[in-house]
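Read from first to last, the chains carry the letters A, B, C and D; within each, the first residue is number 1.
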Amino acid sequence: MRSDVTTRVLGTLSIAALALLAVMALVVTPADVNQLDAVRLIYIHVPLATVMYAAFGVTAVASVLYLLPRTRARKWDVLAGAAAEIGVVFTGLVLVTGSIWGRTTWGVWWTWDARLTTTAVLFVLFLGYLALRRVGGDPDTQARRNSIAALAAGIDLPIVHKSVEWWRTLHQKSSLLDEETFLHPHIHGSMYWTVMLGIGAFLLLFAWLLIHRYRLAKLEDRIEDEDLERALAERRAEALTGSP
Amino acid sequence: MTHVGYLIAGYGATFAVLASYAAWIVSKKRALARELPPEERDPRWP
Amino acid sequence: MAGKDLRIELRSRVATNQVGPFALLVLILFAFALDPDRGVLGQAAAGLFWVAVLFCALLAIQRSFAVESTDGARDNLRLSGLDPAGIFLGKAAAVAAELAALEVILGTGVVVLYNRSLHGPVLLVVTCVLATIGLAAAGTLYGALAAGLRVRETLLPLLLLPVVAPVLLAATRASEAALGTGSGDGWAWVRLLGVFAVIYVAFGVVAFGPLLEESS
Amino acid sequence: MDSVVVHLHAAVSLLGRFPALAGVDLDVAAGEVVLMQGPNGAGKTTLLRMCAGLVPVVDGEASVLGHDLRRDRRSVRRHVALLGHATGLYDDLTVADNLRFVARATRTASPVSVDDALSRLGLAGRLASVQAFRLSAGQRRRVAVAALLLRSADLWLLDEPHAGLDADGRERLDQLVADAAGAGTTVLVASHELDRARALASRVVTMAGGQVRANTPAGVVGVA
C-alpha cells in the first residue's frame, strides 16, 4: 500500500537521524567552557521546543481551516486534535529537559526562565484544550468549539511570551547569575550543526507521529460513525415495531 | 564527562516517552482496526 | 442584555451578598498566611489583590452563565433578534461592572488591611480598567465555550486561568509601580493590558456567534 | 406568504449522537393548525426545535418560511415563536422584567404591549411584580405563553402548551391559538391533550421512531 511505504521510510529515517544525533551530541561535540557536558542537553531541548511550536502551529492552521466555511471538513478538526496531543507530549518533554538542565547549572529543579515559563503556561493551556475535546457532543458543534478554543489559546501565546519575557528581562538586570547566557550558551561550529540535525530528526519523528496519530483519530471517528449508523437503523426499526 | 547522570536522565526520559507514545498509537490503531471491515482499515492521508 | 444581567444581580443580590464578602475573606486569609509583621504582606499587596480579583472574576462568570443555563433561556436567546456580538458585549459589560465594583471593595480592603498608600492613582485606575475589560472579555468568551457542558465548573478555571495569566502578571507589575512597591515602568505593562483587552474583545465578538450555537 | 410554510423531506436531525429524527416527511400550508401526537421520544420536540432552526439538519431537505435550514438556520428564527417544555424564564427577574426583556430582545416591534400580553393571560396586577422563581408551574407556563405573544411570528411551534395550565389557562390558550390561526399564523402543536387539541387542529400527524407514520385531516376519525 502506497502510504504505508512513506510512513515506513519516514520511520526508519527518523530513527537513523536520532541515532546520529545521539552520537554527535554525546560524543563528537565538545563540552562547554562553563557548563561542561551539561550543555549536551541543548541538542534535544531546543529541537523538542521547535517541534512543540510546529505541532501547535498545525493545530492553529487546521482550526482556521475548519472554521472557514469553504474549507470546512471534519478531517481538519481531527488533524488539529492529533497535532495538539503530540504538541502536549513534546511540551512536557521540553519542561522535563529544561528543568534537568536548570538542575545541572543552579542545583534547582525550576528556574523562572522566560522560555520555560512560557512553555509551562502553554502546557496547561493545551491540556485544557485536550480536556475540552473529550467532552463530546455531536460532531459538528464539538469540532467548531474545539477550533475556537484552539485559536483562543493560539492568540494568547504571543501575549504570554511577551509578558513573561518582559517580566524576566526586567528582573534580570539585577541578578548577577545571568540565566540568559547559561541557558543559551554561544554555540559554534559542530555544535550548531548538531542542533540543526536534532531539529531535523525530531521534525521527521513529528511527521511520522502525526500521520499515525491522525489515522488513529480517523479510525476513532469512523467507529463513532458506525455506532451512529447502527443507532439510525435501530431508530428506524422502532417506527415499524410501534415502540417509542 | 560531567553530569553523566543528568544526561542519561534527559536523553533517557525523552526517548522513552517518545517510544512508548509511538508504541501506544500503533497498538491502539491495530486494536481499533480489527473492529472495522478490512477495506476501510487504513484511511489515506486527507 | 447588560441591563438584564445587572438587574438579575440587583434582584438576586448574589454578587453583593456572596462574592463581595468572599473577596474580603480572601484578603484576610492572605494576611493570615503571610504574617503582616514581616512586611511580606505589604510587598505582595498588589499581587494578592489581583489574585483575589481573578478568583472573583471566575465566580462572576460562572454565575453569569449559570443564569443562562436553563434550556429554555438558551433557546430564547438564540431565537431573540439579538445578534451574538450584542449578547457577548452585553454579558461582558455586566461582568465588567461587577468586577469594577469588586475592585473598589478590594482596593479599599488592601489599602486599609495592608496599609498601602497610593502613589500613582492614575496608573492604578487605568490598569484596573484595562485589566477588568480583558478579564471580562476573555471570561465571557470561555464562559460561553464551557456553558452547557456537563463538566463546566471544573473546565472553566482550567481553560480560563492560563489565558488570563499575562493579565495577572501585567496588572500586578503595573499596580506595584503605582503603589511604589515595584520598580520598572508601569506604563509598559499597561500597554500590554490594552493589547490583551482589544484582542479578546475582538475575538469574542467574532467567536460568540458560533459558540452560542453549540450545546444545542 | 407562499403557500407551503414547512417542507420536510427525509429530514434527519441528531441530539448529541442520537438520531432523534430519522427521515421526516411533512408539509404544512399557511394558516394550518397541525396537531402532532405520538409516544414520548417519538421526536416531536426535536421536530419543533428543528423547524425553529435550533437543531442542525444532518440529512434530507428542510425549509421553513422559505428558509433552507440546511444552508442557514439562523435567519428563520426571527419569524418563528417556540414554546418549549422549559419556560426559559430568568428566576430572579420579576414577571414584568422577563417580558420586558423578551419584548426588547426581539428586533421587530412586538405586536402586543407587555401589559396587554399580561392581561390576556390573566397575569396583570400583583403577579406582574413577583419574581419568577416564586411562581407555580402553571403561572410560569402562562408567562411563557405571554412571551410568545410579544414576538411577531408567522409560525408558532408549541410543545405540549397545555401542560400545567388550569381550566381558565387552557381556555385562554385555545382562544389565542384560534385567533392566531384566524390571522393567518401557521401553528404546529405537539400535545397529548387529544380532545382539546384536535378541536383546534385542521390536520393530525402521528409520529414514532423519529418519523411521521400517519398524516390525516382532522375531520376523519383520528387514528389511535
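Keep this in mind: a residue touches a chain if its C-beta (ideal position, glycine included) is under 8 Å from a C-beta of that chain, and two chains touch if they have at least 3 such contacts.
Since the model is a prediction, treat every value here as computed from it, not as a measurement.
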item: Most central chain, Cα average position; value: C
item: A-B compared against A-D, more contacting pairs; value: A-B
item: Distance from subunit C to subunit B - Cα centre to Cα centre, in angstrom; value: 41
item: For subunit A paired with subunit B, centre-to-centre distance based on mean C-alpha positions, whole Å; value: 14
item: Distance from the mean Cα position of subunit D to that of subunit A, given in whole angstrom; value: 49
item: Centre-of-Cα separation between subunit D and subunit B, whole angstrom; value: 53
item: In subunit A, residues with contacts to at least two other chains; value: 137-138, 141
item: Multi-partner residues of subunit C (at least 2 other chains); value: 216
item: Overlap residues in subunit B, where contacts from two or more other chains coincide; value: none
item: Partner subunit A, residues of subunit C touching it in the complex; value: 138, 141-142, 145-146, 149-151, 155, 158-159, 161-163, 165-166, 169-170, 173, 183-184, 188-189, 192, 195-196, 199, 203, 207, 210-211, 213-216
item: Footprint of subunit C on subunit D - complex, ascending; value: 15, 49, 52, 54-56, 77-78, 80-82, 84-90, 92-94, 97, 101-102, 105-108, 131, 144, 147, 151
item: Complex contacts: residues of subunit A adjacent to subunit B; value: 1, 3-4, 18, 22, 25-26, 31, 36-38, 40-41, 44-45, 48, 73, 75, 79, 89, 92-93, 96-97, 100-101, 103-104, 205, 208-209, 211-216, 218-220, 222-223, 226
item: Residues on subunit A engaged by subunit D in the complex (per definition of touch); value: 136-138, 140-141, 224, 227-228, 231-232, 235-240, 242-244
item: Touching residues on subunit B, where the partner in the complex is subunit A; value: 1-4, 6-7, 9-11, 13-15, 17-18, 21-22, 25-26, 28-29, 32-33, 35-36, 40, 42-46
